[in-house]
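Everything on this sheet refers to the single structure shown next.
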Amino acid sequence: MSLTIYLSGEIHTDWREQIKLGINASNLDITVLTPVLNHENSDNIGNEILGDEENPFWKDHKSSKINALRTQNAIKKADIVVIKFGDKYRQWNAAFDAGLAAGLGIPTIILHQPQLIHPLKEVDAASMAVAQNPEQVVKILKYVCQN
Amino acid sequence: MSLTIYLSGEIHTDWREQIKLGINASNLDITVLTPVLNHENSDNIGNEILGDEENPFWKDHKSSKINALRTQNAIKKADIVVIKFGDKYRQWNAAFDAGLAAGLGIPTIILHQPQLIHPLKEVDAASMAVAQNPEQVVKILKYVCQN
Amino acid sequence: MSLTIYLSGEIHTDWREQIKLGINASNLDITVLTPVLNHENSDNIGNEILGDEENPFWKDHKSSKINALRTQNAIKKADIVVIKFGDKYRQWNAAFDAGLAAGLGIPTIILHQPQLIHPLKEVDAASMAVAQNPEQVVKILKYVCQN
Amino acid sequence: MSLTIYLSGEIHTDWREQIKLGINASNLDITVLTPVLNHENSDNIGNEILGDEENPFWKDHKSSKINALRTQNAIKKADIVVIKFGDKYRQWNAAFDAGLAAGLGIPTIILHQPQLIHPLKEVDAASMAVAQNPEQVVKILKYVCQN
Amino acid sequence: MSLTIYLSGEIHTDWREQIKLGINASNLDITVLTPVLNHENSDNIGNEILGDEENPFWKDHKSSKINALRTQNAIKKADIVVIKFGDKYRQWNAAFDAGLAAGLGIPTIILHQPQLIHPLKEVDAASMAVAQNPEQVVKILKYVCQN
Amino acid sequence: MSLTIYLSGEIHTDWREQIKLGINASNLDITVLTPVLNHENSDNIGNEILGDEENPFWKDHKSSKINALRTQNAIKKADIVVIKFGDKYRQWNAAFDAGLAAGLGIPTIILHQPQLIHPLKEVDAASMAVAQNPEQVVKILKYVCQN
Amino acid sequence: MSLTIYLSGEIHTDWREQIKLGINASNLDITVLTPVLNHENSDNIGNEILGDEENPFWKDHKSSKINALRTQNAIKKADIVVIKFGDKYRQWNAAFDAGLAAGLGIPTIILHQPQLIHPLKEVDAASMAVAQNPEQVVKILKYVCQN
Amino acid sequence: MSLTIYLSGEIHTDWREQIKLGINASNLDITVLTPVLNHENSDNIGNEILGDEENPFWKDHKSSKINALRTQNAIKKADIVVIKFGDKYRQWNAAFDAGLAAGLGIPTIILHQPQLIHPLKEVDAASMAVAQNPEQVVKILKYVCQN
């Protein structure tokens, strides 16, 4: 079965690369979509393209909406959304993506370390699997896609 | 116009009470829904009703799903979801609720202090208003409901 | 919070009465919907109203569709569907109702004895709570509805 | 007309192979999706990938959800869901799939022996055809797909 | 269970009155919606309110759309649509209403004499019951609504 | 723009061939779907595949549902549904298809002679164009698809 | 039949009052929803409640979103949306409301003078009636609601 | 990420050509859909194909609906709708398209000069980006589509 997946969340580690490598190594028929992964570029894209905002709220607002053109389209195209939470940053956008997927009826796999179990309980409870590392995600995808 | 609103997020301050008082003071035709606000009760409800789990993951899992029976029904019944973010805790469930409302096409009002603008940029960008205090939320509701 | 629930499944024990008594005892704001509980009546209703069929397939077919006018409308009106599985009979209609609720995005509570865990694993996995007796269901409803 | 079908239900007979052979023999433009057919593998996949659970309920729970990532995506992609019921096992997951397809508005063909007519009456009544053997299913598919 | 029904189709016999009398006689909790039953009024309403059209196509067009404001809203509000076919007139609007209900996922009861079985086969096949007289429809409604 | 169209209605004239020829002549990027056009085959398909029914109602019922597997899937896949009404037969299935398309939000083109304007007024009023001959339908499709 | 209507568009004439008076005079069971009709208040509400913006784009942005909390909820609650276009101002918000209603499947009545026929052709073509004065709208509503 | 976009609005300047050139220059994987851009042809298409109407209202009506077969299908197929507003003409169809996209949940980019900020405030507030020239739109698309 061919699938489209979207990899949401943490952008300062290489977990997406590990999943892509695993998908390629197993030759799975999976299209992988991601957000823009250049943090600085994604934060400034509104000002860069549409002109400067002095007020940081509107600067963030413009950039976030341009990013949403990509991320929300990618989530709608996905059969499964994989979301990675880490210790750094608040990652409210990752939890927002999990909720958005739930509202659209798209199943999720959540990826995080055991110490985050309690704060992520509602997000985990709405998901189809909770993994601790990218290898487990690849194994799930391999199982799900097998012929 | 009569409305139903759901008040999601932070549970350790009295912001919901302030909004309810404001709604009553202005005699607005608004039904207010909330999650269960007793933190300990809401964390333990799975074990309490359905029996003990030793593994904290499944304890959280059972409680979260029972809470979801209430919160997700409340969000679906709401015309507007108001979500408060604070400095304490990670509040990924609040961001999840914002995403869920977006996926269901229900508009949101986000409530937070200015120092959270950057981490909340995606959540704010998907909302209809960003307020800094409960009084502003009441004013918006009063404006929206007026005859 | 007021709720509408539908009680699906097993019809030869008094579990629905126990839930209704519990709801009344706790004065919960819950509307309870049920299928027609007279087994013989529900099996024969097609022939009775619309005329005899000799072929048992079409006799069942006509009755099932008239019952579906009630059960499927009730499921669509419900905020929560509670489904009881027992040892007797195959109860494929109960599992069908669980799937229908899932397809419509309506959350379920499943009620069954521990010995049915393995055959019900897919149904349980799609639910928000798995209870073993009607008292637990009442406790969940009481928790979910509290003001 | 090209179609995608999903073959749900009984996994201990070769009915799926017969349907696939019939589709190939008639050169029909049909993509066939199935669940994972290795029973043991599908029962244990949760523990295998995500770690052991001692409690059989949670073991089943984890496996069922990983399988649901495959089966529910396959049902959503299908134009027609074919569901086979047999005498062995309770097959509540098969009836769940029939309900899920109904809730999503996807038509079903039900496949079973005449002795199961009465217990399957609600499932049959919600379907577009009730066949007794794989050859009949292939004939229906051939008729439906013809140019 | 309270229900809303819409009575579509044939307007030159008193079948709607018979159903309403039966509902009242049995004290059923059913709201009955109907199209405008004055044939001449319904044919001319476009010209009457919005001004004359010489071209009969546009005269019909304007009237049909004003009638659709009533009939399509009524169908959307209905839990069950009852549609009566007779020998007179072509009644394509009745068959259109049956299709519209099917597209919206609202179940139908079809009412007609046995001689119309063949031309109505597709409409009947998409319905939940096929009755021959208003008494049968009342009996179905009484069965479906019982407490 | 590439399109998929479904040609519903009258099966005893060659209007579908004329439209297909026109589409080919203009080299339009249009996929054409149709019902099974062999009248006798389509009437008997239920009995032929699934076994004899003596009661003509159930014979029609089984055939109609097998045909619906094709026609309803084709309508859901279509961007535009073209429906031809003629003088012969009652063609309630054609009007049903028009209603189904309306309920699913798929636009229609209706094709009929001027003498049918009054009985088709509700069907025409719900359509995007009313043509009198296949050439006009081809011209509309050519206009709609142009680059 | 009881109805909810939303009156969108032109706010500098008294057309809404005329429609409300007509509804009251005929004692129709219609709930009337409107936008906030105080132009200045509606333009400034963002700055007033949420604090000043110097940039007129963001001032307009904040006010428009607060107004959308009212107008989009009102449109979703409406069975019929009535939209008045006049000569003054560009009224792109009125045309936006017409499109929003179309996207949500809610029927519209458009109200305008004959000189606007050409620029409003797409909006009119998507509506169920085009009236020239409030009296005609009241007559349509009276016809649609009659018992 | 591959995307489909629809370019709505102003047809008397070459903004669509500029966007297409930019897309080609950057080799983006974007399918571009547009309305028919020959103004006279699009105004007269109804009369041309389906026969003359003397009343300009019905002439416009027939043409608008044929155009809607193209434009509404294109909007439904689009991942992003770009809408250009200019000073000339009232462009109510452009604002209608923006509302239709909003009702269907499809994100928009609005393109206009700063002097139109106030009249377009509701349309802009419902969009994901407001650009002033085609180059900015191309930059956004390039950012959104990057691998």
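Note that the chains are named A, B, C, D, E, F, G and H in the order they appear, and that numbering of residues resets to 1 at the start of each chain.
Note that in this section contacts are C-beta pairs under 8 Å (C-beta built on N, C-alpha and C of every residue); 3 or more make two chains touch, one makes a residue touch a chain.
Only a predicted model underlies this, so the values are computations on that prediction, with no experimental measurement involved.
A.B. asks: Work out the mean Cα position per chain and let me know which chain is farthest from chain D.
C.D. replies: Centre of mass proxy via C-alpha means gives G as farthest from chain D.
A.B. asks: Same or different for chain G and chain H, when you check if over half of the residue numbers at their contact belong to both copies?
C.D. replies: Mostly the same residues form this interface, as more than half of the numbers used are common to both chains.
A.B. asks: So how far apart, in whole Å, are chain C and chain H when each is placed at the average of its C-alpha atoms?
C.D. replies: Roughly 49 Å separates the two chain centres.
A.B. asks: Would you mind pulling out the distance in Å between where the CA atoms of chain C average out and where those of chain G do?
C.D. replies: 43
A.B. asks: State, to the nearest whole Å, the distance from the C-alpha centre of chain F to the C-alpha centre of chain H.
C.D. replies: Chain centres of chain F and chain H, defined by C-alpha means, are spaced 31 Å apart.
A.B. asks: On a C-alpha centroid basis, what's the spacing between chain A and chain B, in Å?
C.D. replies: Measuring from centre to centre gives 23 Å for this pair.
A.B. asks: So which bits of chain E are touching at least two other chains?
C.D. replies: Within chain E, residues 65, 68, 130 contact more than one other chain.
A.B. asks: Taking the complex as given, what residues does chain B use to touch chain C?
C.D. replies: Going through chain B, the ones touching chain C are 33, 36, 45, 49-50, 62, 65-66, 68-70, 72-74, 77.
A.B. asks: Any idea which chain G residues touch chain E in the complex?
C.D. replies: Residues of chain G touching chain E: 1, 3, 79-80, 107, 109, 128-132, 136, 139-140, 143-146.
A.B. asks: Help me check something: in the complex, which residues belonging to chain H touch chain G?
C.D. replies: Residues 56-57, 60-61, 63-65, 67-68, 85, 89-104, 114, 117-126, 130 of chain H touch chain G in their complex.
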